[in-house]
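For reference, the structures are reproduced in the following blocks.
Note that subunit A is present in both complexes that follow, paired respectively with subunit B and with subunit C.
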Partner chain A sequence: MPLPRQEVDATTPKYLRDKYAIAGVGETTYTRGSGRTTRALGTWAVRNAILDAGLKPSDIDGMLDYSGGDSTSATFIAGDLGIRLNFYMDVVGGGSSTEALIGIAIGLIEAGCCKTVAIFRSMNGFSQVRIGGTGARSAAPVSGDMLHNRAYGWQSAGQSFAPTFMRHMYDYGTTPEQVAHVKMFHSRHASNNPKAYYKKRFTVEDVVNSRFICKPLHLLDCCVETDNATCVIVTSAERAKDMKQPLVLIRGVVGRCNKPRLDMHYQHGPISTVAGHYAKNILWPNSGVGPEDVDITGSYDAFTFTTMLQLEDYGFCKKGEGGRYVSDGTIGLGGRRPNNTSGGHLCEGYTHGMNMVIENTRQLRHDADDSCPVGPDGKRQHTYDYREGGCRQVRNVEVSANLGWANPATASAMVMRRG
Partner chain B sequence: MPGIQAQYLGMPLQLAELDGENLDYFKHCAAHDFHLQACAQCGRLRYPPTTACPWCMSLESTWKKVEGKGAVHSYTEVHHAIQPAFRDHTPYMVLLVDLDTQKGEPTADEALRVIGNLCTPDGKLAPPDMVKRVGIGTRVRMVFTDVADGMSLPQWTIDETATQPATPWRYPQE
Partner chain C sequence: MSDWSKVTRPIPVPNEWTQPFWDAAKRGVLELQRCQNCGHFQHPPYATCTQCVSTDLKFEPVRGAGTIYAYTIMYHTGDKRFATAVPYASIIVELDDAPGALMAGNLLNAEYTEAKVGRRVEVVFEKLNDDITLPQFRLADAASG
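Take a look at the complex of A and B:
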């Protein structure tokens, strides 16, 4: 039977600024050798996020996760926690998936598919499927498209991104020492993060004197491989305002925005420009803010270079000045705009981007989980003393930007604000 | 299967019977005669092999002989090999080479950028003293590494007959 014709108000606001929130965050311990399955890790992290949000399992009715076939489906995690889902999807993806899935979660809730979505990434990136590509991954037969890369010993993330990094040095005179500052600053941040797997502080000299992996990457330019799970919970701001934590609102999201020629992105240049060049044209207008409004960043540090390239292409400095930007103190605690205050992938642990969103959520709550004393109200009394082992809360944080990286040609991003 | 199976440096390489574009690509390489797909509609060459033309979406193409000459656009020099096959060959170089053919077309930012290892003229991975001579700007010519009947890998070697830059750009630390 044909439905009656009627005027339907199908308008949606172009922007969903501040309509959605990160209501809960959860992590496992960051380890090398978890001794657990990805199912056990994922269940642990999602449970922590539910508790962090002050929710019950029955409050969660959507679940999204990402992996490269190295994890456990949402079906088992939901089952283990007694959650009946109205929506779930297991997505193929690594870096840059976090912000993209937050965008999808917002879309699902807008579409009426579900109300509150837990997004997790669970991985034994050290003890099972090595993210660096060693182990079983390095010995698999080479066929199809891989004949144009792996057959040449051009396989790991570092190897495949290196032409971008090298060309940036050639095009703009970026130096190894400038870029090494990223590790230096992130290691200082990690030294104030009791959860970080590597808490040791490193100097620029330590980085440039560490052994070469593949030029221009020294060992200490590369992130860690760890076993862990992480989770964020997305819901409407309307619901989140009645939940346990201070409100952290999502201003705008970009999901997996790309350079041309994803079949082999080096066919299109300049190869020293990355996908953030395109993503920024969605991120800033959607968020209604610009780089100058941002107090803290979470620029993905798979390598020191990825942090620099993204900050540059999202417009935190002029094109070509990324080397100066990451070395002049701006990105360190106490600087104008600290980056990855948890220590990020270079030091805290490798999660394909989610721990950087978790960190910025805590920063926006003004409740970074450092070693500062906990007051009678249960909140940490932050000292803002950033010396080793001290505070890592940034003073008066209002706006954050997360810049997720999959590779030079693919990026996601998200701006959040304190509610 | 059958397709083509090969062993290269102890690493299994496979070309599936279904993978027509790659079979054609490597067949020409096996004859040491580099060819790329030329779009039947817009005429542009493309690399690596694809099913449709990235500029005009046409599904039709023909294989066209292309001169294997160009200059290094960027590179990496691998000191810590990931794949077992390459562990006895470090440091080895992966070169991203701008072919002279179609450089700067259809836009100034585009080029046929062809991957290969730095090799000796007979297609073996280059020794360390040769690696140290190469950087961004080095003029190179294509050579081939034979891995099976009907399959050779295109590679790069220093073009000793070309005018080379006074000093190619290399990463500042050796």
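Take a look at the complex of A and C:
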């Protein structure tokens, strides 16, 4: 919903509401088998984001990226684009790093280290280091804390997270059919996204009838593994207002907020409560809004139930009602608060969170890249007809929330608004 | 029932913190790290007590009786060494004597469908080699299930 235009609380400068913007977004195609290095993919995505912002490479003077030892360095990408950097850092991280690095970028610019920061994630998540944990990752020796899982045949993200959903089902009566709606809605969204790797629409029955990976997770409860690079450009609102795209302002960020006992999250607090339970207490006060003000969400869908758990713990519904929230139509296009309108990780591609920020940025520009006709002004004329192959722009969207997930114990999040 | 006979489990490598846990398991005893200052049990072992940051930590025997707190049934193996056992149950157990130190394990000697939240289980010991014995779980007396 629309927010007041002038709301600057000078007594809380650390919150920096509306002072920074996402000025450009870009990505490669989403593939399985890119045939390219992460360096080539990253250069491609950063270039696209620079062009999207209407900038020259020399306008970028800061660069951040994240990986789990499966990618390239900002130094290579910058050099390949002829960029001289005033600040760069390659960060270890996977899911939930996107919003966290946007927070770091704001801090860097605020500290005067640089002016405009490109953040990228480049990965061959299917053809090189598979995110699902098969291949080389499963052959390493077992030491230290891994005594808690590896020797018991317990390793991948799905295997690690599944008990959280199982216990949620036990505690609150949540059903596999309810969370299967997440895949159903996201697949409908993806069918209106020409970029999506999987554009096929799935039903709830398709999901619960697909084979088990680790009960209660079926194959179609799990995200896709893809090869791709993605980039967002962060700069001050003051600079961004003169750039090519409609202003998309950052209201507030929370970065890599944790449950106690990050390594064994279930040793502290209920296993069915995730880090958003804590992150919400930073996100909403920093942003000056609450869940009721949010028009669209980007709740990380590594699995169907991760979307549900986060929406619940950030307060979009009461604790325990996440199953109802994700299944009653709220999160679908045409619903009250659509989630992951690009199709997200379940359908569009797996980017460790970047594509959900990119999508919400485009939504807030009122320029989702669907199949609607382009008008004389060069902008899509959205039909708001959400049938297969049609529009995916949400009408009159003003405020978005991205809820990033690394694991049940770690969350980042960001609220953005249309400028 | 899951067939574990052809599974070659990855062998845990003890470190300075976990060695007493493995030494006890080899003797067929479940010992967990306990803070001597505040009485908190924790697992896996750490350098400090996560409750009071005391470094006065000792290993104490606990009865291996507990309840399944959460679980998952594995149908797909990332680690191919487990391929012959699928589907199998991996469980998280809350011990009666050390509720703050949940333990992981497989549910042995039972159909994987027997894994349920709240089922009573007890520890058993699975010898992997001369050095490493793995604490595992089986259903406790059916009457208490």
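Heads up, the rule we're going with is that the second predicted complex is superposed on the first by the 406 of 419 C-alpha atoms of A that agree within 3 Å, B and C clash if a C-alpha of one lies under 4 Å from a C-alpha of the other, contacts with A are read in each partner's own complex, and residues count from 1 in each chain.
Heads up, the rule we're going with is that a residue touches a chain if its C-beta (ideal position, glycine included) is under 8 Å from a C-beta of that chain, and two chains touch if they have at least 3 such contacts.
Please read these numbers as outputs of a predicted model, since none were measured by experiment.
A.B. asks: Under the superposition described at the top, does placing subunit B and subunit C together on subunit A give a clash or a fit?
C.D. replies: Subunit B and subunit C clash in the superposed model.
A.B. asks: Counting only touches as set out at the top, which of subunit B and subunit C does A:Y172 meet: first, second, both, neither?
C.D. replies: neither
A.B. asks: With the two structures laid over each other on chain A, which partner does A:G269 touch: subunit B (first), subunit C (second), both, or neither?
C.D. replies: first
A.B. asks: Between subunit B (first) and subunit C (second), which, if any, makes contact with A:Q159: first, second, both or neither?
C.D. replies: both
A.B. asks: Would you sort A:C214 into first (subunit B), second (subunit C), both or neither based on which partner it touches?
C.D. replies: Both partners.
A.B. asks: Both subunit B and subunit C touch subunit A; at which residues?
C.D. replies: 132-134, 138-139, 141-145, 147-156, 159, 162-164, 166-167, 170, 211-216, 261, 264, 266-268, 271
A.B. asks: Subunit A touches which residues of subunit B in the complex?
C.D. replies: Interface residues on the subunit B side: 8, 11-16, 19, 22, 26, 46-48, 50, 54, 73-86, 89, 91-92, 94, 96, 109-113, 115-117, 136, 153, 169, 171-173.
A.B. asks: Which stretch or stretches of subunit A touch subunit B in the complex?
C.D. replies: Touching subunit B from subunit A are residues 132-134, 138-139, 141-145, 147-156, 159, 162-164, 166-167, 169-170, 175-176, 208, 211-216, 219, 261, 263-264, 266-271.
A.B. asks: Going by the contact rule set out above, which residues of subunit A touch subunit C in the complex?
C.D. replies: 132-134, 137-139, 141-156, 159, 162-164, 166-167, 170, 211-217, 260-261, 264, 266-268, 271
A.B. asks: Within their complex, state which residues of subunit C touch subunit A.
C.D. replies: 7, 9-13, 15, 17-18, 21, 42-44, 50, 69-82, 85, 87-88, 90, 92, 100-106, 117-118, 128, 134
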